[in-house]
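Below is one structure, written out as structure tokens; the observations come after it.
Order of writing sets the labels: A, B, C and D. Residues in every chain begin at 1.
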Amino acid sequence: MTRNAAFAMFEADEASRALGIELLDAERGRAVATMRVTPAMVNGHDIAHGGYVFLLADTTFACACNSHGPVTVAAGAEISFVRTAKLDDQLVATAEERTRYGRSGIYDVTVHREDPEGRTVIAEFRGRSRIIDRDGMNT
Amino acid sequence: MTRNAAFAMFEADEASRALGIELLDAERGRAVATMRVTPAMVNGHDIAHGGYVFLLADTTFACACNSHGPVTVAAGAEISFVRTAKLDDQLVATAEERTRYGRSGIYDVTVHREDPEGRTVIAEFRGRSRIIDRDGMNT
Amino acid sequence: MTRNAAFAMFEADEASRALGIELLDAERGRAVATMRVTPAMVNGHDIAHGGYVFLLADTTFACACNSHGPVTVAAGAEISFVRTAKLDDQLVATAEERTRYGRSGIYDVTVHREDPEGRTVIAEFRGRSRIIDRDGMNT
Amino acid sequence: MTRNAAFAMFEADEASRALGIELLDAERGRAVATMRVTPAMVNGHDIAHGGYVFLLADTTFACACNSHGPVTVAAGAEISFVRTAKLDDQLVATAEERTRYGRSGIYDVTVHREDPEGRTVIAEFRGRSRIIDRDGMNT
């Protein structure tokens, strides 16, 4: 059921789906999504624009915080770019709820790439969420 | 001349240009860029994905910090989503250097929309930059 | 009048005053405060603990966001430590409102030291404020 | 041995010890410290100044990132104030390394209070560390 709230939100998020982002899992404050780095996401040196790495993390964060049911939006986020992602990298973002209080929540998202020698961290993201009113206001 | 370093970098940033981002100005730690919210950037409710707002801010930040000459990368950033952007909004991002120290720098970027009644702030972004070595390492 | 709201709040902030922080100015979303680095704030190498630099910035931020009248609290903050402060440094923090929206606000605080050759930036701080309800809840 | 590097650093941190902060554990990128909220840390309403909560988190972060051996400093940090701490609260901060890359590291610190009904989160902190050169420069 909470799984459905996040998946329903993801279905409506045409921007994320148009980028090929797939939502692999979302329930109880947790979500996992994946995205392949396409030619449209890189610069002339085949390095992914950091904005697309953020976008994957932000989508995964949105799925995690909406997995509880009430409509929740991103109030803000902080990202550290740990390593560059390259063309054709299959990135995986894992969002986990850190804490919730009142209408607010904090979620940590790690974006990594699976390499033969193990996971390579690409970025660390922390998102701040707010449950919004029925009238759509983040008061 | 510093103007050229930022514009040359922007020329190589095919990902930003593919989104229709235009660099209007870049010199001495300052840059202005604009982007129109297209159907590919919105969800089913015609609201722009926050990731694209971040992407515009991040590109503008990159142009500002590279306007000095040495190759500089984004080490991280913080964004607060102030208001939602909508389909067809013409967003404008203005990046200004706040301080530089050693190889590091801090840049503030405001993303706004021009409305009949004046500027409407969409997001406030603060980026952290690092000058990289000739071998491309952010040591 | 708005000046009084911030000064009244500062009067009640015994923790800040016990550290010798002085509020020099506070009105219309702006505040300036100063603090001298005392022996109690440094480690064995006469370098100030970053927490005290944060504390000065946080106090100045609180005065700026309460200068408008409604009771406002710090929801969070981000700080970059630019240079170390030393024993006996007279630090000055200047807080400026960047934007306000709904019950939220964003304030930038620069902590600097006056040196013979000019201002030396010690830290850059960005605070997020929330106006609270009459019952003291940050809903 | 790594335990000693963090404890040695804490021994030199007279500012933290003067506040009654105790380092309970520090090894392999992890640290736990505790601090009691004293009358000097509160305002007229017996609510702890957020700066002292930050200070406890920052000290614990410093112990965690120095537990590996090389001298490491705080480059910056982000804090969300979740709930207010009160006079006489015994706060506990737990720092955990999230990732390390090059000379940089990211550490998450949760500050909580033990209540009869369980742990109450007071603040969530994320610190960014940098290993410094032998000449003390954070290049």
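Keep this in mind: a residue touches a chain if its C-beta (ideal position, glycine included) is under 8 Å from a C-beta of that chain, and two chains touch if they have at least 3 such contacts.
The structure presented is a predicted model; accordingly, all values stated were derived computationally and were not measured.
Student: Report which of B-D and A-D is connected by more C-beta pairs in contact.
Tutor: Pair with the higher count of C-beta contacts: A-D.
Student: Among all chains, whose Cα centre is located farthest from the one for subunit C?
Tutor: A
Student: Suppose each chain is reduced to the average of its Cα coordinates; what separation in Å results between subunit B and subunit D?
Tutor: Chain centroid spacing, subunit B to subunit D, equals 33 Å.
Student: Between subunit A and subunit D, what's the gap in Å when you average each chain's C-alpha atoms?
Tutor: The mean C-alpha positions of subunit A and subunit D differ by 28 Å.
Student: Which subunit A residues touch at least two other chains?
Tutor: 75-76, 78, 80, 104, 128
Student: What residues on subunit D touch subunit B, complex-wise?
Tutor: Residues in contact with subunit B: 75-76, 78, 102-104, 128, 137-139.
Student: Can you check the complex and tell me which residues of subunit A touch subunit D?
Tutor: 78, 80, 82-83, 98-99, 101, 104, 106, 108, 110, 121, 124, 126, 128
Student: Which stretch or stretches of subunit A touch subunit B in the complex?
Tutor: 12-16, 18, 40-45, 48-52, 54-56, 58-59, 73-81
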